[in-house]
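Below is one structure, written out as structure tokens, with a few remarks after it.
By letter and in written order, the chains are A, B, C and D; residue numbering begins at 1 in each of them.
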Amino acid sequence: MREFEFTTRVPYAHVDKMNHVYYANYLVYFEMARSSLLRDAGLPYKDLEARGIMLPVVDVQCRYRQPAHYDDLITVVSALSIHRSRIRIDYRIHRDGTLLAEGCTHHACMNPDGKVLRPPPDLTRLFQP
Amino acid sequence: MREFEFTTRVPYAHVDKMNHVYYANYLVYFEMARSSLLRDAGLPYKDLEARGIMLPVVDVQCRYRQPAHYDDLITVVSALSIHRSRIRIDYRIHRDGTLLAEGCTHHACMNPDGKVLRPPPDLTRLFQP
Amino acid sequence: MREFEFTTRVPYAHVDKMNHVYYANYLVYFEMARSSLLRDAGLPYKDLEARGIMLPVVDVQCRYRQPAHYDDLITVVSALSIHRSRIRIDYRIHRDGTLLAEGCTHHACMNPDGKVLRPPPDLTRLFQP
Amino acid sequence: MREFEFTTRVPYAHVDKMNHVYYANYLVYFEMARSSLLRDAGLPYKDLEARGIMLPVVDVQCRYRQPAHYDDLITVVSALSIHRSRIRIDYRIHRDGTLLAEGCTHHACMNPDGKVLRPPPDLTRLFQP
């Protein structure tokens, strides 16, 4: 399974009273990594949406290992897998080799009206084993 | 000019390392107060949008007086004025009589394609002196 | 297990291109409900922190059932359980009887230096069966 | 006055129903640019805070010219000026030569207890004309 890397810096906006990244913001890093993964693989999510293909998150899990702090440079390693109509992305966030958080998202594939679609062949081809 | 009050509680998500509400979040309180003002006046923004009338912010100013903290119950006093096509809303945020921040937003009135519209008569009637 | 209810309104800030609440914001609603639960039970989280007791989230799960939209009035039903040192909170978010999302958080109990603590007796007493 | 450039990509998290960046998020881009400016100038804000020097925003203004959209690569050009104890930063956000927003922040200089300080000489030296 191909892994993709995305690196970003923690803004002041994202840390809480304890100088820890507030827990919901890790999901924003997941999303940024996901967008980056699709762009790097040659299928920007923006283009999928323009074709009427949405991949809304139906389920998320995140385990928090160590806090990320203001100004940290963090890396998200992500990998996408498709099994039939089930799209899953796994994420590991680390800083200098220290694992900070890990999680996964499951996605539906649907049109703008909410009708479930099969994942498009070009997406499937890129990510199926 | 009619004043409207909106009260909300500061979530953990909104405070920074110093336990001060992060400066951009005051603009979210402005927006919540704005939505509440229009709803209380009988013209929910949701309904305006459904009629194809958008009021995007074209300008914002905010002066920060005293920090708001986690779990504070804060009140936003707001007032809307229309002068020709110019829509302006003023805000004062306080906690127990202490002024925390004050500011204003200016709004355009446009359709979903970005074409400038005159403010609708029912909005004008509600807010013109 | 005692259930607590917290109601809030979806701000414009929280919805995405599809007028769906962006997935990370459900975790903010979980947090708001959690703060409200502790306050209603008589132990505001702010007071716990003032005593040097932190309850950081170590794990979160959320399943998204139906989208919440701008201006929706949503209710979070939450319940806290303590089993030895394990603190767990379950959440269900609904709007007018429709389940929108459900999830849970697990929390550590620690001091500001990150040392693990046993949950304080007054917290345990409130929530143990 | 030295200008600094900071480039970032708009996440899905930041856009609203109209696929416009929600107005408060421009202030987050201002902050990211500000952090980047100080880092590039050799005085990371993190280090200033570690020395007990805070630069809280006391005033912000932002004028919105054109909307930024999901996945846009935007650049913030910023410049800091110090006049006596008054610290001001100006920002212009653009995408491919199109001006999207412009604004400024004024900052106090204080210690963690809120006592006003003179801007430190190394900061002044870097930015005074």
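Note that in this section a residue touches a chain if its C-beta (ideal position, glycine included) is under 8 Å from a C-beta of that chain, and two chains touch if they have at least 3 such contacts.
Here the structure is a predicted model, which means the values were calculated and not measured.
Contact tally for A-D versus A-B: the pair with more C-beta pairs in contact is A-D. Set against the Cα centre of chain A, the chain with the most distant centre is B. Chain centres here are Cα means. That of chain A falls 27 Å from that of chain D.
Measuring from the averaged C-alpha position of chain B to that of chain D gives a distance of 23 Å. Between the Cα centres of chain A and chain B there is a gap of 33 Å. Among all residues of chain C, those that touch two or more other chains are 12-13, 17-18, 24, 28, 31, 70.
Of all residues in chain B, those touching chain C in their complex are 9, 11-13, 28, 31-32, 35, 39, 44-46, 70-71.
Residues 12-13, 15-19, 22, 24, 70 of chain C are the ones touching chain D in the complex. The touching residues of chain C, when paired with chain A in their complex, are 17-18, 20, 23-25, 27-28, 31, 49, 54, 56-64, 67, 112.
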